[in-house]
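Alright, structures below, take your time with them.
What follows is chain A paired twice: with chain B in the first complex and chain C in the second.
So, the complex of A and B:
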């Protein structure tokens, strides 16, 4: 028996011969660890950048988005559980697409960026890395949408070919991570700092779940940590929870709660705080932190107003707005 | 009046039986054709003949004892 130890994520799974890791897709075959979903995506779509969500990175651009089966987290409220909580062989639909084919398809569709998303792309790490290298050679950017439960060494290597990330910070509470996601908080915080250190554009998403992580004191601590460790210009997205998968016992997040947590984060010093999954709310638009001018108006994933100058400044006060603009 | 002793009245109707056999045969044939297609061109995820990429970031586990 030749077991292997996967070093990709903090779980460090010890995988006996013939078995898969906790993510279901990294399998020990003959004493060698195989990435069984490499070149085998199960979801391919073209999305608006705002869906990731990324609000300060090429706003309004179309992004070629793909995912394979598997995930290294097991969130009770997962919205993509049909994809993430399965191994590759359990999927009804799996395609065959080598990295070069993905890059060619993205270009053919007129997309200037590729997103590794939907499930957690950490579990198809090698596929992300190889595709990202080719994409960058062809002038495309790479976006990584993740829960950031990954070890530092693999992440540092990956950051060299990434341009932006939207990382989940599910709660500033280790107990929440253990109970709801089967993970721990500290590696996620370390990964967020690593993204910033490596020069990847970072936006953070916090899904606000009623009674579980909507305590204002918790929101304040999280916002202060983001301001101190990632910078006050880091966009923070508060998303509305919808009951699904194994968490159908809680109601959707009330809009008032989202507005309260947004105010709390702004008061904690963050300059760009958004409300997500609420159609048409004023909190999903970008305002100048200095004079309050509406800079980018949004309704859902649609941009309704765009007033930033060509070099990303407020047209009223000429203040530089952080981001990677068109 | 119908004669109850008429043997033709007790004869099983042939047409429904032939229809049933025809339907059953078509079902078996279709299942066989599907199985053959699946065997010749299986879903991507089940095709072990396609190369599986070796993962990065792992090491052999040294079992104690």
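So, the complex of A and C:
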């Protein structure tokens, strides 16, 4: 009986024959580790870029989005748990879509980008990598939406074919990671720094959960860390929590809380801080950090106003706005 | 004790038997759960292997070899791997 050790994420699961890693989809069959969901997504959609959320990367573009079953985190508040907390053999439906077919379908639908998203794409790493290589060859960009619980070397290799990421920073608190997500904080911070070092465009999302991670001192520490390690131009999205899955005992995040944490992050030095999952809030639009000019107005996932110049500058003060623009 | 013996009735034995049977079933259930938990304690999950193999054979799932793994050393597999 040959056990194998998976080196992909910090869990480094020791997997005996016939068992799966903690992610449920990387399985030891006959002493070899198998990526059982390679080319077998269970979710395929076309989304607006703003849904990832990416606000400084090709705003308004449509993005071909896919996911397979499985995840290496087990968040009590997971919004995609029907997908993420199941193995491939537990899914009612999987599609057969090899990397070349995904790229062809994205082009046919008029999408210029592909997102690996919904569950954590780390667990279908090989599928992401092969698809990204082909996508890049054909002029498409690759977006990785992740909780960033991944080892450094696999991530470095993947970064060569990625263009942008929205990475969850669930809380600047190791205890929160252990209690709520079954993970740890440090590997996530390391991964965020790796994305930046490798030249991938990074935006960060923090889901604000009442009483668990909405303490202003925690928000301040997280914002200062982002400013110091990733840069003050890194967009930070504060997202509204909705009770679901195994965390139905807490209320949705009050809008006032989201506005307070946004103010705190701006005061900590970050220049682009957003409120998400609150329809029509002014905090979901982009403003010039120098003179306050409204640059990109948003309502939900819709762009209501676009005033950036063609080369990504503020039309009032001509300041360069960080991002990958159209 | 003598009071108990005086009031003993066959139906009491049946009742005690029912209690003992229930306790045995609870113990077996907990033992099985503990056994599975111990197997999963080293960062892996027990899966429905037959269902997985069926889905791979039918093409619903893939048999593609993964990157980023190595065979466990005896130390890594807790001394259980030859």
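Just a few scattered comments:
Note that the second predicted complex is superposed on the first by the 326 of 326 C-alpha atoms of A that agree within 3 Å, B and C clash if a C-alpha of one lies under 4 Å from a C-alpha of the other, contacts with A are read in each partner's own complex, and residues count from 1 in each chain.
Criterion: contacts are C-beta pairs under 8 Å (C-beta built on N, C-alpha and C of every residue); 3 or more make two chains touch, one makes a residue touch a chain.
The shown structure was predicted, so the numbers you read here are calculated from the model rather than taken from an experiment.
After overlaying the two complexes on the shared chain, residue contacts for A:19 are found with chain C alone; chain B is out of touch. In the superposition on chain A, contact of A:11 is made with chain C only, not with chain B. Partner contacting the larger number of chain A residues, of chain B and chain C: C. In the overlay built on the shared chain, the residue A:2 is in contact with chain B and with chain C. Shared-chain residue A:40: touches chain B and chain C both.
Across the two superposed structures, the residue set of chain A contacted by chain B and also by chain C is 1-8, 14-15, 26-27, 29, 31-36, 38-40, 88-89, 94, 96, 125-126, 129, 151, 153-154. On the side of chain A, the complex with chain C involves touching residues 1-8, 11-16, 18-22, 24, 26-29, 31-40, 87-90, 94, 96, 125-126, 129, 151, 153-154. Against chain A, the residues of chain C that register as touching in their complex are 39, 42-49, 51-56, 59-72, 76-78, 80-82. Chain B makes touch with chain A in their complex at residues 43-46, 50, 52-61, 63. Residue ranges of chain A in contact with chain B, taken from their complex: 1-8, 14-15, 26-27, 29, 31-36, 38-40, 69, 88-89, 91, 94-96, 125-127, 129, 151, 153-154.
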